[in-house]
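Note that the chains are named A, B and C in the order they appear, and that numbering of residues resets to 1 at the start of each chain.
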Amino acid sequence: MLEVRGVRQVFGGVTALDDVSFRVNRGEITGVIGPNGAGKTTLFNIITGIYSRTAGAVFLEARDISGLPAERLASLGMVRTFQNIELFSHMTVLENVMVGLHARSKSGMLACALKMPWTVAEERRIRTEAMAWLEFVGIADLAQVEAGNLPFGKGRLLELARAMACEPRILLMDEPAAGLNSQETLGLARLIRAVREKGVSVVLVEHDMELVMDICDRIIVLNLGRKLAEGTPRQIQENPEVISAYLGEEL
Amino acid sequence: MIKHPLCKYTAFVALILIIPFVLKGSYLINVMVFVGINTMLAIALNLLLGYAGQISLGHAAFFGLGAYLSGVLTATHGMNPWLVMVAAAVGVGLLAFVIGFPILRLKGHYLAMATLGFGIIVYIVFNETVDITGGPSGLSGIPNLKLGPVAFDSDLKNYYLVWIVTLLVVLLAVNLADSRIGRSLRAIHDSEVAARVMGVNARLLKVQIFALSAVISSLAGSLYAHTMAFVAPASFGFNFSVELLTMVVIGGLGSIYGSFLGALLLTLLPEFLRFLHDYDIVFYGLLLMVMIMFMPGGLVRGIPALLRRMMTGRKKGETVDA
Amino acid sequence: MEQILQYSLSGIATGAIYALIGIGFSIIYNATGIINFAQGEFVMLGGILTFFFLDILQFPLWGAIILAVTGATLCGLLFERLAIRPLAKATPINLVIVTIGGSILIRGLAMLIWGKDTHSVPSFSGDNPIAIGSATLLPQHLWIMGITLAVICLNKYFFYHTINGKAMRACAYNPRAAGLVGIDVKRMVLLSFVISSAMGSLAGIIIAPLTMTAYDVGVMLGLKGFCAAIIGGMSTGMSVVVGGLLLGVLESLGAGLISSGYKDAIAFIILLLILFIRPQGLFGKAETERV
């Protein structure tokens, strides 16, 4: 599905990622964990085309996507969410999700300005589908609220709905549980499983070990920019190197 | 409040149609011609600034290019004004498209400065190419537009001419704002990185809206040249770019009808501030600052909020729950 | 060849002015993230207040200069308190607009008070040209270079060797952290406006004898100063000075050798080229966006 091959990233002399390689299998939930500063978010930013890498390559279903700008990836089936949710805060919740359907709609500037019949029809489709995704994450009742006024937990759900509206084949989530209470985290775990049920592969960076061990099929451990280990949650929990990297933390 | 976009638009058209009867014989009808031109310009800038969130302090340049292209090619070279108008709009749009790529890579203050620099360069060119533009003293003898037997040579005729185009621009802008494209522009405004992740080609879209904005400005410029029959560089300098910005901000960023309000207010104001002579500039500066400080959403949002507050009898400081 | 030397020399003098104004831009930008479009107006105030105190109120030159700097600085202080501070949470675009509004207001008031006429200010020490090789310089040129140099040294000393200067640098790097360690960030913002309006007005005063002064000279000078700051990557140090000198010399050469009508255009073409090719300035490092 997704393959990261020998990715290296240097920021002005500091090596943030060093020769990181791994694969993500179709239909699985893959967790990327590691102590702070391990390079997890950098890795995400490289995979999703926000940073350009120093060396290495990223493949999406055998297609080399390294170097492609972020906006090309949505139509290739890859979207992501952000650690500090990036909502369109002056737009309504519904409109946020409607932007998620951008890559799957095509009315151009002229057609939109002239309000051509097919544009109107497309707009109607966008609205219905967006509503359906809001129902999927369970915030359909908030559709007309301005996104900036949402409580943090709901914002996370909105971000998930917006990402799902792209109908991705692979979804990357950067610390989806950060800032959520335990109740909300449980709901999130249920949702992530539901996302997988729809045939979407999921990669998540996460600090909440309980969540990671609970829902992930496979886990990749980064430490100081290098891949430390890779395996099932069980294998990771028993890996002595991982334990020493996380010394003192309960896995 | 009228909610449905079509009703709003119909009401607006009705208002524009009524105005000539109300102002019959008044010189204000002439002022309303300029309100129309300024409305187009403000909408053009608003699409860029209010929707896409990209500032331009050089929009007077596109307006001026349209005006001078029309003026020079019709007055000096006797070409067909309608053809020139279209050709100028296309040409100016292309120019904006080309310079849009490097300019819109910049953000915030840098973007403001780059557009400002562009505006000043164009302004200097208007002044210095005396052989073509007539330099600082201007270019006169620009013919009025003609459509078959009708020559647009009176204020009233020009009113209808300018406002037909303006109403068309309003309609197209309202449609665009309320579409997939408008939504993507606002998304770029709020979080460019998230918009890109959702597949919005932010860079291209910004350049496209910049070009569209330039096309509208150029059209307004051509109409201005033909209704005035005279153009001079002073109308297209930095001050006018700032005035356009003021219209957009005062009317309300991201509101098409707000741009009309802003244009109306700032075009009519000098008529009522005649007694201030040159000192109206002080008033503008003050107005601009006060609006940003106390009504950052512009008149479109500020006035309803004020009315609501007055009607419910709430005092300042209390929050009005939506 | 002689001409080139002559143009370069006078270019250096105007460039020094651009540098002073540019550093003023940078100081405010670093402290607040605001580009103060009203910066040029303080330059204008410097020149026109000097004229006012000297010609109208009959103060001696040195007294007029001190009063002019004080007056312009007070304006800067008021501007910060009345327009900038209340807008602490405004968007960059709104801040740009407010400073533009402020600049129009100040310019308009100056027109109201001193009219639209151009006023002259006498040179500090006569107008007898000094020959340097085949070129000549006016004593005022030397004043400009000398005062600029002194101000820059003072500036350097302030930012690196005084507690307030260090605190301001801390605010520039990270205002929140600076606030946490007990630095009064608001006061530092105010101070940045005070310093840069003082520097701007001084620039306006020392150039006034060469270019005369009027209510509207601030616009162009301010914009050129901003060019210098952009070329120098918005630093408060030598790179802006180099930027200003580069701009001054190129502009002066361009005006002399190509066309004087396009003198102002040259500065802005340089600005655009730099923004297009190296938006971080000639000497700056690129930044990566954090998500």
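The rule is short, and it goes like this: contacts are C-beta pairs under 8 Å (C-beta built on N, C-alpha and C of every residue); 3 or more make two chains touch, one makes a residue touch a chain.
Predicted, not measured: the structure shown is a model, and the values here were computed from it.
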item	value
Central chain of the complex, centres being mean CA coordinates	B
Centroid comparison with chain B (C-alpha atoms), farthest chain	A
Between chain C and chain A, distance of the C-alpha-averaged centres to the nearest whole Å	47
Distance between the centres, which are taken as Cα means, of chain C and chain B, whole angstrom	32
Centre distance in Å when chain A and chain B are each reduced to the mean of their C-alpha atoms	40
Per-residue overlap in chain C, given as positions that touch at least 2 other chains	289, 291
Residues within chain A bordering two or more other chains	50, 82, 86
Touching two or more other chains - residues of chain B	193
Interface residues, chain B side, partner chain A - complex	172-173, 175-176, 179-184, 186-187, 189-191, 193-202, 208-209, 212
Parts of chain B lying in touch with chain C, wherever the complex brings them together	49, 53, 55, 102-103, 105-106, 108-110, 112-114, 116-118, 120-121, 124-125, 127-128, 193, 238, 242, 245-246, 249, 253, 278-279, 281-289, 292-293, 296
Complex interface listing, chain A residues touching chain B	48, 50, 69-75, 79-80, 82, 86-91, 95, 98-100, 102-103, 105, 107-109, 112-115, 119, 122-123, 126, 162, 166
Contacting residues of chain C [partner chain B, same complex]	29, 34-35, 83, 86-87, 90, 92-94, 96-98, 100-109, 111-112, 116, 219, 223, 226-227, 230, 259, 261-262, 264-265, 268-269, 271-272, 275-276, 279, 289, 291
